[in-house]
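What follows is a single structure, and I will ask about it in a moment.
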Amino acid sequence: MTPTYRSGLGASDRDNIWLLGRSLPDDIMGKVSFGELAYWMMTKRQPTHGQMVLFEAVLAALADHGFTPTAIASRLTFLSAPDSVQGALAAGLLGGGSRFLGVTEDSAKFLGGVLARHDGELPTDAAGWDAVALHAVQTAPGFVPGLGHPVHKAGDPRTPVLFRLAREHEVFGAHLSLFEAIGRVHPQVLGKTLPLNGAGVCGAVLADIDIPQGVIRGVALLARCAGLLGQLAEEMSDPVAMDMYMNIDRNTDYRP
Amino acid sequence: MTPTYRSGLGASDRDNIWLLGRSLPDDIMGKVSFGELAYWMMTKRQPTHGQMVLFEAVLAALADHGFTPTAIASRLTFLSAPDSVQGALAAGLLGGGSRFLGVTEDSAKFLGGVLARHDGELPTDAAGWDAVALHAVQTAPGFVPGLGHPVHKAGDPRTPVLFRLAREHEVFGAHLSLFEAIGRVHPQVLGKTLPLNGAGVCGAVLADIDIPQGVIRGVALLARCAGLLGQLAEEMSDPVAMDMYMNIDRNTDYRP
Amino acid sequence: MTPTYRSGLGASDRDNIWLLGRSLPDDIMGKVSFGELAYWMMTKRQPTHGQMVLFEAVLAALADHGFTPTAIASRLTFLSAPDSVQGALAAGLLGGGSRFLGVTEDSAKFLGGVLARHDGELPTDAAGWDAVALHAVQTAPGFVPGLGHPVHKAGDPRTPVLFRLAREHEVFGAHLSLFEAIGRVHPQVLGKTLPLNGAGVCGAVLADIDIPQGVIRGVALLARCAGLLGQLAEEMSDPVAMDMYMNIDRNTDYRP
Amino acid sequence: MTPTYRSGLGASDRDNIWLLGRSLPDDIMGKVSFGELAYWMMTKRQPTHGQMVLFEAVLAALADHGFTPTAIASRLTFLSAPDSVQGALAAGLLGGGSRFLGVTEDSAKFLGGVLARHDGELPTDAAGWDAVALHAVQTAPGFVPGLGHPVHKAGDPRTPVLFRLAREHEVFGAHLSLFEAIGRVHPQVLGKTLPLNGAGVCGAVLADIDIPQGVIRGVALLARCAGLLGQLAEEMSDPVAMDMYMNIDRNTDYRP
């Protein structure tokens, strides 16, 4: 017996195409922005305006950071296989793992874990959040994700913007409250003040606008997808990958 | 001597993050939508409102079509390696090649090639376009890309919407004019009437809103990236990949 | 100042090509088998004959298992993008993660962890190994990797062959001794007898022939690479991916 | 009605595992080398001894060339996502496209195309091959694949070894005969003498040992798979990717 396979995303027949249960041509094309559609497909819920603003702010915050290892890998792959743009894009996305894109997911998981242990009795004021945050930092099994940045040592410029936007658009929830409190109390435990980095705030924002934990890395990957396509478009018109490769080749020290 | 590597996308120092020459936190986050940012990064130009509407309509048109081979490949990869969302996404995007996503790029290239041969003397009325289109169809080396659809035999429902939106927003240019004329004249050459498929119109639209040819497949991949993340989110909450695999396993006919 | 980049694998100049410090054309081509070369590149050591036999037995054991999720993903990707064999191969390898290929690595790590805690005082007879194994099973934080198989419930046919080959070729070391003992003692703890599965034995073998822990998943991927190329070659001559896709499409239950 | 899916590679039931119709544990493990198994899976034929020697010589010839763009891309991906070895391997393989690995496939196709036009009346002596080769070079639509090398300007050291091995092992067939003749006659047409490069000879060898054209790129990818795993193993023990990235970062010239 053949099973049936449920899906609620896209479907079509001879005369119709549906997406998320709506008519794609009549209800979505020309009416729903790409950011909104991405949120909707990942959550099966249409975002509120405030959720939308923060979702797009996070996508902008994570889209591109210049010649990161993933951008370089993508350009070098395009150099080797220029007939396969999808391969060059995929090569870049494959670097979206634990180290460079992982902070966003790790922060959301860490904050979500702390909140789950306080379920039903969340604080209502800053002092209450400080107490929860203090305990969280004291009992963290390792580094607290989202604390510190190798370059923005005096503060990540994305952080205050995300906090402000979340307040203005009334989606400032428990994850952001906890992360903000961690920013206030961690010096008591660690003996030094570290900035709340932007990738970590992005994780808190995504959790507060109801992106499921398993999908949070996916949001970072979508942002990076747009950034990598920018890198590949630039490589097509103003190539640098061959120079990168030749410089490494010239400076190789062969020691078998 | 170490070369320098030019880029005009993202950059940062201790206190600043730039994207496209703007301050990311001050000028982009909360102000520029994700679709606009993606267009901007791929072209290094901010889109007009009309270009933006059409760009997002194309992204919606190409985002998801249910259980396509790429969506199935992505879900099966997630089943095998659930710890690597980036791998499952990349596996799905790798199917974005010549057959299933290629029509968009192929159409833009075909139309662009015809237009290049008529450079400087483009038609100004429908009769003129019909003459150019007739010659293009008669001299096409193989199939005309963008003609016909295996399911939407009586017309792809995305096609009229894209034509209408392009007219309303005044970005209806030479590629769409030529493709529309091909829709009118091809029965004289082929002896049968085929629908202009949506993927082909998307290619004409992207060319008319000034997406460079080499990047057009990238736009389809960005759309598909959002769709695949929707597929993976659905697989996390409502899995079907194991059933797909088991059904294939049960129906294997081993013939060494 | 440009750094230099050390490597001891391949290098070339106008008249020479080196691999692993040897002349590729004079000392390797026609003289070193591909399996031996792979072992050598991954470990920087030429294998003994016994290590070689076991390394190739493991590669054979893991090469292909028919229509696994990774094989299906690879074929579907080839269906979508037949111009990019590398993309179809990569899509299949991306499923080589924690669930389907992970047992080999997990077993090696589990066994290696137990041995590290007994460093310097390893048993010299079966009774001694049984005691170590009993303690390892009793204190395992979760499932013991390598125990049990969904299909080979009465015993994985690869297991006795690997044990026998390792004994015959005198590479039966501490990891295999411990894993064999786990096979003897686990019923005392778990209350039921589970087979030692082949993937787990492969992990023990690879550790005993001195493959570094971080590279063990790589050996499984190399084996799978050959298997996937077999799957793709078969798909080229005797295609089934379109049938798989159409069957899923026909049995979709659209529930937005 | 569910279709059935034919395959002749791997299969298993409760007590057995088959590969290529043989018992994997009884007939293959410990008896068939990995190179032989790979050939067998890709062609469904067991190789002769001569085919095997040449197949493995080609795999060695293509396995690694130091810090190629694909090796660098693979190491940078591992730097970004060290938890996903399969992702780093896949990223490296994705560069195995038209430019860097393509010569092998292109040569086999070019030579195969020439031979197909002479089907049934192939030359029997060097003068005859020279005539065929001369016509092939004169009528080639672009560059003749396999001619010339950016580094080995006075001759690729792999080339004479592959010709010699093919003669010694009696698998020197029509593709090698034609390619050798092209080496003799092309100066008459091109006005300069170019070396026959190793990648091109590999293509001719693979065609002469009966690897199907569609699978030839796959052989290069299998070779590269082993090489990339060597690169990743070296990156784990003696990392350079971070230095590569930091050097590029330091030498970025931001020009928005």
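A, B, C and D are the chain letters, set down in written order, and residue numbers restart from 1 in every chain.
Basically, contacts are C-beta pairs under 8 Å (C-beta built on N, C-alpha and C of every residue); 3 or more make two chains touch, one makes a residue touch a chain.
Because the structure is predicted, anything quoted here is derived from the model rather than measured.
Participant: Quick check for the class: compute each chain's Cα centroid; which one is farthest from the centroid of subunit B?
Facilitator: Comparing chain centres, C lies farthest from subunit B.
Participant: Quick one: subunit A and subunit D, Cα centre-to-centre, how many Å?
Facilitator: The mean C-alpha positions of subunit A and subunit D differ by 39 Å.
Participant: Round to the nearest whole Å and give the separation of the Cα centres of subunit C and subunit D.
Facilitator: Each chain reduced to its C-alpha mean, subunit C and subunit D end up 23 Å apart.
Participant: Calculate how many whole Å lie between the centre of subunit A and the centre of subunit C, each centre taken as the average of the chain's C-alpha atoms.
Facilitator: 33
Participant: List, in ascending order, every residue of subunit C touching at least 2 other chains.
Facilitator: Residues 2-3, 5-9, 11, 66-67, 81, 83-84, 86-87, 90-91, 94-97, 101, 244, 247-248, 252, 254.
Participant: Which of line, ring, star, complete and other names the graph you get from chains that touch?
Facilitator: complete
Participant: What residues on subunit D touch subunit B, complex-wise?
Facilitator: Interface residues on subunit D, with respect to subunit B: 2-9, 11, 18, 20-22, 81, 83-84, 86-87, 90, 94, 247-248, 251-256.
Participant: Please output the residues of subunit D touching subunit A within their complex, sorted ascending.
Facilitator: Residues 2, 66-70, 72-74, 76-77, 79-84, 87-88, 90-91, 94-101, 241, 244-245, 247-249, 252, 254.
Participant: Touching subunit C in the complex: which residues of subunit D?
Facilitator: Touch residues, subunit D against subunit C: 2-3, 5-17, 19, 23-26, 28-30, 32-35, 37-38, 41-44, 53, 55-57, 59-61, 63-67, 84-87, 89-91, 93-97, 101, 151-155, 157-158, 160-162, 165, 198, 212, 214-215, 217-219, 221-223, 225-227, 229-234, 236-238, 240, 243-244, 247.
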